[in-house]
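A, B, C, D, E and F are the chain letters, set down in written order, and residue numbers restart from 1 in every chain.
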Amino acid sequence: MRKIKIVRNYNKFALGSCLFCMGDTQVLCNATMQQGQPPHLKGTNSGWITAEYFMLPQASSQQRSSRQQQLTSGRSKEISRIIGRSLRAVVNLDLLGPNTVVVDCDVLQADGGTRTAAINGSFVAIYDLFQRLVSEGKLTQNPITKFIASISVGVVNGKKVVDLSQKEDNNAEVDTTIVMTENKELVELQFTAEKKLYDIKLLNELILLGWKSIKKIIRLEKKMFNLDKSVITL
Amino acid sequence: MRKIKIVRNYNKFALGSCLFCMGDTQVLCNATMQQGQPPHLKGTNSGWITAEYFMLPQASSQQRSSRQQQLTSGRSKEISRIIGRSLRAVVNLDLLGPNTVVVDCDVLQADGGTRTAAINGSFVAIYDLFQRLVSEGKLTQNPITKFIASISVGVVNGKKVVDLSQKEDNNAEVDTTIVMTENKELVELQFTAEKKLYDIKLLNELILLGWKSIKKIIRLEKKMFNLDKSVITL
Amino acid sequence: MRKIKIVRNYNKFALGSCLFCMGDTQVLCNATMQQGQPPHLKGTNSGWITAEYFMLPQASSQQRSSRQQQLTSGRSKEISRIIGRSLRAVVNLDLLGPNTVVVDCDVLQADGGTRTAAINGSFVAIYDLFQRLVSEGKLTQNPITKFIASISVGVVNGKKVVDLSQKEDNNAEVDTTIVMTENKELVELQFTAEKKLYDIKLLNELILLGWKSIKKIIRLEKKMFNLDKSVITL
Amino acid sequence: MRKIKIVRNYNKFALGSCLFCMGDTQVLCNATMQQGQPPHLKGTNSGWITAEYFMLPQASSQQRSSRQQQLTSGRSKEISRIIGRSLRAVVNLDLLGPNTVVVDCDVLQADGGTRTAAINGSFVAIYDLFQRLVSEGKLTQNPITKFIASISVGVVNGKKVVDLSQKEDNNAEVDTTIVMTENKELVELQFTAEKKLYDIKLLNELILLGWKSIKKIIRLEKKMFNLDKSVITL
Amino acid sequence: MRKIKIVRNYNKFALGSCLFCMGDTQVLCNATMQQGQPPHLKGTNSGWITAEYFMLPQASSQQRSSRQQQLTSGRSKEISRIIGRSLRAVVNLDLLGPNTVVVDCDVLQADGGTRTAAINGSFVAIYDLFQRLVSEGKLTQNPITKFIASISVGVVNGKKVVDLSQKEDNNAEVDTTIVMTENKELVELQFTAEKKLYDIKLLNELILLGWKSIKKIIRLEKKMFNLDKSVITL
Amino acid sequence: MRKIKIVRNYNKFALGSCLFCMGDTQVLCNATMQQGQPPHLKGTNSGWITAEYFMLPQASSQQRSSRQQQLTSGRSKEISRIIGRSLRAVVNLDLLGPNTVVVDCDVLQADGGTRTAAINGSFVAIYDLFQRLVSEGKLTQNPITKFIASISVGVVNGKKVVDLSQKEDNNAEVDTTIVMTENKELVELQFTAEKKLYDIKLLNELILLGWKSIKKIIRLEKKMFNLDKSVITL
């Protein structure tokens, strides 16, 4: 796993804000809670969490991508959805009332693993958002039920690799995104055969490899919150 | 698994065309090969496969959805991408030349499992498309390397279920889409905890459960192609 | 006139649903009634009927068309409007209350005459929709005042032709769409000189030619409803 | 028929430009010829004519309409198409070479009959455009084969009316747009039953009524071109 | 300064309407007052004024521009904003109540100075709009506090020029738009170095040069309103 | 003037990259040079510079703004244009060849003065971009002809203020953006009366006030480049 750096309260206006760095990948995650619910919750008292993943036009080593393209690209939408699902899995939505938490994940620099950094940064951002809303009396308790973290694992040139860089990702035979809780439960798993086909045994090995990193990230975040640190690295 | 019905050559104009029905879910998959490559292949002689998933406005039991919404929804884009990746994993893209295969997956009736029906129908449609292109001398051989099939598995009220209907899907604790080859290799796997969190052991059980259905679907398709049947049911 | 096949209740979720086939042209028409009125009816108790015509990307013998193009194309919008006007002409909108009937017309296979098949299929779909709404107590009576049907007529190589196929349409000197009631009243008439110019006498001959087919279609539909048949052919 | 006023060369930059007024309706029609063909003509040496109808936001007595709405409205697209078809019917497209004539029809003031004024103004604009291109040596001859004109006819409170104002249009039982050549040939005919249903006899009466006005408009235009007048009224 | 021509009440449906001509530049400005406020005024009783600048596709001597492009172009939006700001600076918005004045500025012919003609024409249009609303009892008094006018000044081939034509504008070294009140106060000033860099002294000279024309335009408008003239020229 | 902090090479993939902070305002400016020219330069060997200003959804103290809104907002487009014009005024475009420099200005945190910070950061970013292109042999010399800097000045509660914060901006009577060269030449000047009207004398005082800060910023940048510092503060 590459070097990790977490900066809390990066943006002074956003209620929850975290710059999450994994290697040279940097994702700025800002969280806010707005009034209103998606249509399918109308009539209930339950809230919702949604995320918007966006890569800045010159964030990656590849050619400049246009903002309009980023905004409507299937890739951005697919990643936005996995972030939202991951967060909702460990938040008691009934505690939010008829409100929607929106997390904006802006990739400032992209060197692989942007979706996992976005999930990790979003988790930190909503944790801080909820703490602040509790202290302001707008929530009765922090609705997060468990800690989660995310990591990418894959097979590159026949070798299992964790936290792939952009270069490794481009050569990956298999690419997997894992989101797990502190209790080793699965939240999201996306396995994709890119260049080679493997069986279920490999999948299990990749999950266990990923779990080792996920444990470390969760431990780091807990330490950061317990000691109330603004910046922490691993 | 619900009843399966496969209709080949459903549309007489599309070169590859398949209506794939699983229970009350019906997806019409039309495939064509067009000149041109995506930007990242420019300069190579390799082709590409892409899919477009679209749900007709009144296809499902829920409220009418607008076409514009369908076209830009994250859900449609996420599903389109998994279809494309699944097909590309078992097609030798170098044999296509600088061309792009486009598969349109139109959901005529939606009762759960539309993405797995779309993957299965798309596979049949490109198989027939390639056969026709071979017979017309436009391809030297069918570039498909292996058969694949897809199935959804999940946990509903604590019980493992295969090929979930819309009603089961709405109550699922865990929802998983599996795409595997005839050799039991994993192509795509998307696991999502919806209401409850489970561990890796459950994931393995779900994959094995899904594999049983995948085997049956692949066997059915092989029989259909071997006997050159227009319609086949299971 | 080419062979006609009408399938009622094609989609099990849509309240009104009809697959209307004329020759190799197949249009799926689904109808629903939603709350709400267009702006110009606000303040009244009158309802509205609107239609959306859409051709599936690979429906026709010509090149694949993109969905975005279909959605915004002038041709689609022009046809949607003629369908809506035709239906409104024979429905007592005051009986609908402040609601809007939406008919989605998806062309599954296009071999000429898609707009006339869409009008015919839409009529069957709203007839069944209204019957169901009456039986559910949501409407006091079926608001349809008269039966209508539509047919295309034209001149191809100097000869008058009814129900033009795609190939005939491409060579037509004159192309006309006729919508008439069971009482031989005109609902909509669109005459277009494509390659040659003719006078009013020809127009009258074309209308009389079309009327013969319209009569047959209306008779077929009445028989279908009276005998409560699911499928009927001519 | 209401008062007609035709202003040629209204815009000094457009090669063909005409302000066509019918009663209080004013439509500015500018025509230009651009390089390029629509896809279906690629490979031929034939040209094309297309039109874009657009109503300025505060042109009509009704509420301000937004430009975005105007640009994508079905009504605008339907009218744009009838203008284009009408012009193409009397232009020898082979003489244009691989070029496209674009006519922009901007409704400055809308008091009914905007589509017929747009057709009439467009005809004058392309006539002058072609004359200028001939004089500049860019065309060998004016490709217009016949004069056309357009008029609206309808039934209001049981009485047949020609050139309906907005107020008459709102109360019309039947609304018909007629485009005919100087030889009494039909180019386009759009008949719509709005509030009442009539038979074929009425249609013939309406056509003959319209023909009287069409004759007058064509005579006026011929006089204007022959005397090379800038402004002419009727 | 080029010849000026002002036509009041150009469009008979718009409550405020002015065709403002400067040289060969013609801008049609229509004004209306609608219910509703922008979000940032919600909860207050204050109104707003906004403008929409739009150039007709063939208005200028350059190539035809598409409407979609015009609608979203940065240039159109920048000009729309300066018009809105200029008008708001001399209108007591509190007198409008929770309403929004919208001014549509359609450039019929563009020969330089379209933005200044649009500001001048918009001022005349809202003046008449407010007068009419006062006479209809919908406003208690005309909320305009001062007269404004706008002119462009610049440096062309080393010489200071006022009211630049398109040709002069294309060769300008410096381009400045000035909006001032009848009391010589600055409302908006936009100075742009296009080809050469000058110091503050030049800026002051340009402002004084512009002020001379602004005075004349304001005097002309006052005369027009005092004498209640429909058309006035300078 | 508030505290300034400049971070060079903020993004490791962008060829020119600068994080420019003024007070709590932070703008990340990334610059790249792409092949291609805007239409009006086709046929010449001259290049172009364009900028895209974008505010991250939760960057400011106000409500979250949607990305789609930001992308199409008039404010974003107006600011993008002033950045582009300012840079082009001091770059010899002929030295760029048929290429376009694109500067993306992403506002990470917005506390007033985002447009001036964007201009300043963009200047640093293109300076470094050009240096790098020179060292790679892709440009023969740095095409920048002069240093520029930008500052906002205004009147708040009757007092002249420089480098306005968001709070000051909201209360400003007059708001002015100034861009000047190291030689005290004017590049861009945008003066807007927001709540009160002043005369030319005030404008001159504001310009001189702004010039003091501009001098300091340019001096700081020159020091940074001369000493080749990565980070510098004032």
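In the analysis below, contacts are C-beta pairs under 8 Å (C-beta built on N, C-alpha and C of every residue); 3 or more make two chains touch, one makes a residue touch a chain.
Keep in mind that this is a model prediction, so the values were computed, not measured.
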| item | value |
| --- | --- |
| Joint neighbours of chain F and chain E, given as chain labels | none |
| Reaching chain E from chain A through chains that touch each other, fewest steps | 2 |
| Chain separated most widely from chain E, comparing mean CA positions | B |
| Farthest-lying chain, centroid of Cα atoms versus that of chain F | C |
| Same or different residue numbers at the chain A/chain B copy interface, by half rule | same |
| Approximate Å spacing (C-alpha centroids) for the pair chain A, chain F | 33 |
| Length of the line joining the C-alpha centres of chain B and chain F, rounded to whole Å | 50 |
| In chain D, residues with contacts to at least two other chains | none |
| Chain contact graph, described as a line, ring, star, complete graph or other shape | ring |
| Residue numbers on chain F that touch chain A, as the complex places them | 11-14, 17, 24, 28, 30-32, 34, 52, 54, 56-61, 63-64, 67-68, 71, 102, 104, 106, 108-111 |
| Residues of chain B defined as touching chain A within the complex | 72-75, 77-78, 80-81, 85, 89, 146, 181, 183-194, 197-200, 202-204, 207 |
